[in-house]
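Both of the next two complexes hold subunit A, though its partner changes from subunit B to subunit C.
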Partner chain A sequence: MAYVAQRIVFSILSLFVLLFITFLLSHVVAGDPAIVAAGPNAGAAKIALLREQMGLDKPLLTQFAIYCGQILQGDLGTSWFTRQPIASDVLRELPPSLELVFIAMLINLAVSLPLGLLTARYAGSRFDDLVRLGVMAGAGLPVFWIAIILQQIVAGRWQLLPTAGRLGFANREFSGATGFYLFDSLAAGNMNVFLDTLAHLVLPAFALSLLFTAVGVRITRTAMIGEFRKDYVTLARAKGASEPRIMFRHVFANGATPALTVFGMQFGWMLGATVLVEEIFGRPGIGRYAVKAVTQSDIHAVVAVVFVVGVVFLLANLLVDIALYVLSPRKQQRA
Partner chain B sequence: MTHPTLAPEEPLLKVEDATIALRVGGRTMVSGVSFAVNRREVFGVVGESGSGKTLLTRTLFGLQDDARLTAGRVTFEGRTLPLEGYGAAVRGLLGHAIGYVPQDPFSSLNPSMRIGKQITEAIYLAKGWPMGAERTREAAIALMAEVGIPEPALAFDQYPDQFSGGMRQRIVFAIALSQEPKLLVADEPTTALDAITQRRVIEMMLDRSRRHGLAVILISHNLELLRQSVGRIAVLYGGQLLNIVPAADVGTHAAHPYTEALFACIPTREKALADIRSIPGEPVGAGFGTSGCAFASRCAYAEPVCLTAPLPLNAGITSGFSACLLGRGAQ
Partner chain C sequence: MLRLLTLPKTNIERAAVILALIVILVAIIGPFVTPYDPMQISFRSKLLAPSSMHWFGTDGSGRDVLSRLLHGAQLTLSATFFVLIAGVVIGCTIGIFSAFVGGAADNALMRLADIWLGFPPLILALGFASALGASLQAAIWALVFSWWPNYARLSRMVTADILSQKFIASADALGVPLHRKVFRYVIPNAFDVLIVQVTLDISAVMLAISGLSFIGVGAQIPQPEWGAMIADGRSYVANGWWIVLAPGVAIFLTALAFNVIGDMLRRELDPTSRRR
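Coming up: the complex of A and B.
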C-alpha cells in the first residue's frame, strides 16, 4: 500500500508543477488578454477596468495562488469570451473526446499486443519485415491525411460509415447524464443510439490510433523480444509446452510491463492529439475547444484544458502503475 | 525401426556421425560426433567454452533455434528420428521421454509464475490430461520434498525470486523430474552455484538417477566434477569428439592427449604443485571440421600427420574411443 500512496503523492506533485508551468507560460507568451477581451474599439479606461476585473493587475504569484484555490474548489475560472464557467465547458467537451480516445486505445491495444508478441517471436522472419514495413507506413502518414482519406473513401464513396458528427440526424435529440453516449445509451437500454455512436466513432478512432498503434507494435515487440531469449522459455520448451502456450502463459506477462507503461502514457498523448480528428470529423471535443481558446487568448480556458488533459494523463499512468503493482506478484510480496 | 523388440543392451540414445551447422551462413560447427548413452547410465560431456558441447546438446534436443542437424542419425529407444523435420520430431520427445535442465537457475524459472504452478504445468504437459488440482498439488509437493526443498507446501505458493540459486536449481530439477523422463539432459546445471551447493545438487541428481533408473547426460566444463559424478566422459574440442573414456580411467590410464592435458590442469590432493600444468596456446572455437585434429596445434605429442590427416570417427559407437591420430588413449 505504501507504494500506491507514494504514487498518488507523486502524481499530485507532478500535477502542481504542470499547472504552474502552463500558468506561467500562458502569461508570458500570450498577448494582453484584457486588450483582446475588450475588443478592437475599446478605450484605455475600458481595458484598465477589465484588467482589474480579471485580476490581471495583481502580482503573478498571487494570481496563481488565487487560481489554485479556485481549482481546489472545482472552479476552473470563467471564460473571458463565453462568460461561462470553464468547468461546465470542460464537462461538456471532455466526454466525447474521452470516448474517442477510449475506442482508439482499444484498437491500439487489440493490434499492438498480438502483433508485437508475434513479431518478437518470429523476429527476423518475413512476417516481421512485413509488419515493420506496415509500422513505418503507419507512423509516417500524417493523421489529418489518413482522416481525410478515410472520410472520403469509406464514408463518402462507400457509404459504409457516417461522415461526421457524434450522432445521426435521427438521434439528434439524445442526451444523457454523463455525456458519454456509449454509456448513456446502454444505461437507457437504447441499442439504436449505442450503435449509432459507435459507428460515428470508428473512423475518427482509427485515424487517431494509427500513429500510436505503430509505436505500440514496436514497443511491445521490443519488450517481448528479450523475454524469448531467456532460459525460462528454453525450460518451457523442454517441458513440452506449445508455442502459443509459451507466448501467452509465459512470455506475455513478463514482457507486458514496460509496454503497458507506454500505453498508459499514450492515453494522455492521444487526448492531446484529438484536435485534428475532431476538426475533420466535425466532432465536439476538448481538442477543438482548446484550439478555440488558444486563438482567442482565453488564458483561463487554455490553462484549464492543459490542466484537465494533465489530470487524465496522470490518472491513466497512475492506474497503469497500480494495475501493474497489483498484477505483479513480486511487488506484492515485497511490500 | 529395425528393432521390433528392443534388445536389453540396446542403448537409450544413439548419436551417429552428428554434424551441426548454423542456420545463417551454414557454417559447420560440430562434425562427426558419435556416442551412445545406455539406460540408467550417467554420461558426461566435457569441453572448454566454445568447444561446441552446449550447441551439440541443445541442437540434438531441439532447443537451439539458430543451428540444425545437417547430417547424422539419432536413435532414441530404438526409433530413428528423421533428419528432415528433426527439430519437431525431437521436441515431441521433450516433456515426457527427455527432460532438460538449462544452465542458469536465475533465469530458467518464470519470474511471474508461482513455483507450484510451474511444476504442475510440467506434470500436466507430461501426462497430457489434468490429474485434478489436489492430486497434482500433492505430487508436486512430494517431488519438491524429494529434491530437498524445505517446507515444500509453503514453497508451492512462492515465486522464484524468493529462493537461492541452489534452491532454484532444485526446483528446475523437480520440474524436469516431474515428467518422469527416461533421459535427463543437464547443461552445466551447477556452474552458477557455489562449490558446496554444486556438490549437493549433483548428489541429489545422482541419487534420483540411481533410484529411478534415470539416464543422465551431464554437460560441464569441469572435468573434475564429471570424474567424480559420471560413468563415462565424452571429450569435445573444436567441435570434434576427441575421446570417450571411463571416468575412473581419467588420470590413471592412458587417454587422449587432450583429456590428459585437461586433467593435468586440475589441482587434486594426490598431485604436487609442479604436476599442475596449463595447456599452452589458445583454445580453438567450434567448427574445426574433420581434417586434422583440432588439438594438434597445442598438443605436446603432435606430429605433422596430426594437422592434415582425416580425424578418426567413432564409427562403431564403441563405449571407449580415442580420436588421436597417433593412437594414444586407444583401448
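Coming up: the complex of A and C.
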C-alpha cells in the first residue's frame, strides 16, 4: 500500500508542476493577462480595472495561489473569443478525442506487443533487422503528412473508408449521453451507428498510432530481451516447455510491466498529438479545439487544453501503475 | 566527422550517412543553388505537374516546389539544430550543476525534470509557442522549453557517475579548480553519451518543428519550412499532390537517416548497449 500512497503523492506533486507551467504560460510568457483578457480593442481604463479585478497588482506568488484555487475549482477561465466557459467547451470536446486515442492505443498494443516479443526472441535475426528498420522509418514519419496521404488514397481514391467527420450523413442526428459514440451506440443497441463510428475512427487512429507504435515495438523488445536471458527461461526449456509457452506464459508475463508503464505514458502523449490529426479528418475534439484556439489567439483556451491533457496524462500513468501493482503477484516496489 | 565515415557496417547505414551529409550540404548551400526564387509568385505557372522545367512541380501560387524544398532544408534543419544545441546547453548546465551541488537542491531539480519530462512535449510546446505569439522563433523556444529536462537528466547521470570515480578524488586532493573539473573531466567524458542521444533526438525535434508549423504556431505560410509547405499544399492536394508529397518525403527521409545514424552511434559509442 505504501507504493500506491507514494504514487498518489507523486501525482499530486506533478499536478502542481503542471499548474506552475500553465501559470507561467498564461501569466508570464503571454504578457499581461489583463490585456489578453480585455481583448484587442480595450482602453487603458478597462485594462487597469481588469488588473485589479484579476489580482494582477498582487505579488506573483499570491497570484499563483489564486490561480491554483480557481483551476482546482474547475474554473478554466472564459474564452474571450467564444465568451463561453472553457471548462464546458473542453468537457464537450474531450470524449471524441479520448475515443480516438483508445482506438489508436488498441492498434498500438496489437502491433507492438507481438512484434516486440518476437524481435526479442529472435534478436539479431534478419526478421529483427527488418523490424528495426521499420521502427526507425515509423519514428520518422510526420503524423500529419501520413494522415493527409491516407485520407487521399484510402478514403479518397479507393473509397474504402469515410474521408472526414465522426458519423456519416445518415446518422447525423445521433447523440448520446456520454459523448463516447462507440459506447452510446452500443447502449442504444444501434449497431449501424456503432459500425459507422468505428469506420470513421480507423484512418485517424491508424495515422495517430504509427509513431507511437514504432516506439512501442522498441520499448517492448528492450523490456523482453533481458528476460530471455534469465535462468528461469533456461530452466523452462530444460523441462521441455514449448517455445510459445515460454514466450507468453513466462517471458511476456514477467517482462510486460516496464513496457506497460510506457504505454500508460503514451496515452497522454497521444492525446496531445490529436492536434495533428483531428483537424485533417474534420473530427471534433480537444486537438482541433486547441488548433482553432491558437488561430484565434485565444491563449486561455490553449493553456486549458495543455492543462487538461496534462491531467489526463497524470491520471493514465497513475491508473496503469496502480493496476500493475495490484496485478503483480509479488507486490514488489517499483522505482 | 571523418570517423563517421568509418563506422557504418551495413549498406543501409552507409546510405543513411550519405543521405544525412547531402541534406546538411543542401541546408548550407541550398539557397545558392535553387533554380527559382522560392517566394516568387506567378499565377500563370500555378499547379504545374513535375516536369523538366520544374522537377517537383509548382504550388498553388506558382512557386517552384524544388526551390522551396531546398530553402526549407536550411530553415527546418537550422531550427532543429538550434533546439538541440540550446536544449543541451541549458539542460547540461542544470544537470551538471545539480550533480555538483548534490543534496536537496539536486533532488528537487531532478524531480522537477522528471515531472516536466513526462508531460506531452508537443502540447507543451503548442502552449508555449502560442503564448509567445506564433512564429518559427516561438516554436523553437517552445521546443527548448519542453526539451531541456532530457539533457538535464542525462548529464546529471553521467556527471554523478564521473564524480564518483577515483581520479576525481585525486583531482580534489591536488586542488584542481571547479571549472577545470567541469571542462577537462566531465564534459569530454559526457560527450559520447550526449552525441548519441542528440542524434536520436534529431528526428523527434524535426517532426515537432514541422508539426508545430503545420498547425500554424511555427513557421508561417508562405515561409518554405517543410511543415508549413505541407499545410500550404493541403488545399491543393486533390489537383496538386506533388506539393504535399515532396516536403513530406523530405522530412521522412531526413528523419529516417538520422534515426539510422543514431542507432549506429549507439552501437559503436555507448558501451552499455552492446547487443550483438
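General observations
Throughout what follows, the second predicted complex is superposed on the first by the 295 of 335 C-alpha atoms of A that agree within 3 Å, B and C clash if a C-alpha of one lies under 4 Å from a C-alpha of the other, contacts with A are read in each partner's own complex, and residues count from 1 in each chain.
In this text, a contact is a pair of C-beta atoms (placed from the backbone, for glycine too) under 8 Å apart; a residue touches a chain by one contact, two chains touch by 3 or more.
Model, not experiment: these values are computed from the prediction.
Model built by superposing both complexes on subunit A: subunit B and subunit C fit together without a clash. When the two complexes are overlaid on their common chain A, residue A:230 makes contact with subunit B while staying clear of subunit C.
Figure note: vertex subunit A, arms to subunit B and subunit C, all at CA centres after fitting on chain A; angle 80 degrees, rounded to a multiple of 10. Of the two partners subunit B and subunit C, it is C that touches the larger number of subunit A residues. Of the two partner chains, subunit B is the only one touched by A:241; subunit C is not.
Within the superposed three-chain model, A:172 lies out of touch with both subunit B and subunit C [touch as defined at top]. Once chain A of one complex is fitted onto chain A of the other, the partner contacts of A:140 are limited to subunit C, with no touch recorded for subunit B. Taking the two complexes aligned on chain A, the least Cα distance separating subunit B from subunit C is 11 Å. Residue overlap on subunit A between the subunit B contacts of one complex and the subunit C contacts of the other is empty. In the complex of the two chains, the subunit A residues touching subunit B come out as 230-232, 234-241, 249-250, 253-254, 328-330, 333. Those residues of subunit A that touch subunit C in the shared complex are 13-14, 17-18, 21-22, 25-26, 29-30, 123-124, 132-133, 136-137, 139-146, 148-149, 152, 156, 211, 225, 265, 268-269, 271-273, 275-276, 279-280, 290-291, 293-295, 297, 299, 302-303, 305-306, 309-310, 313, 317. Touching subunit A in their complex are the following residues of subunit C: 12, 111-112, 115-116, 118-124, 126-128, 130-134, 203-204, 207, 210-211, 214-217, 227, 230, 234, 237-238, 241, 244-245, 247-248, 251-256, 258-260, 263, 275-276. Subunit B meets subunit A in the complex at residues 61-63, 91, 94-96, 99-104, 107-114, 121-122, 125-126, 158-159, 161-162, 172, 175-176, 179.
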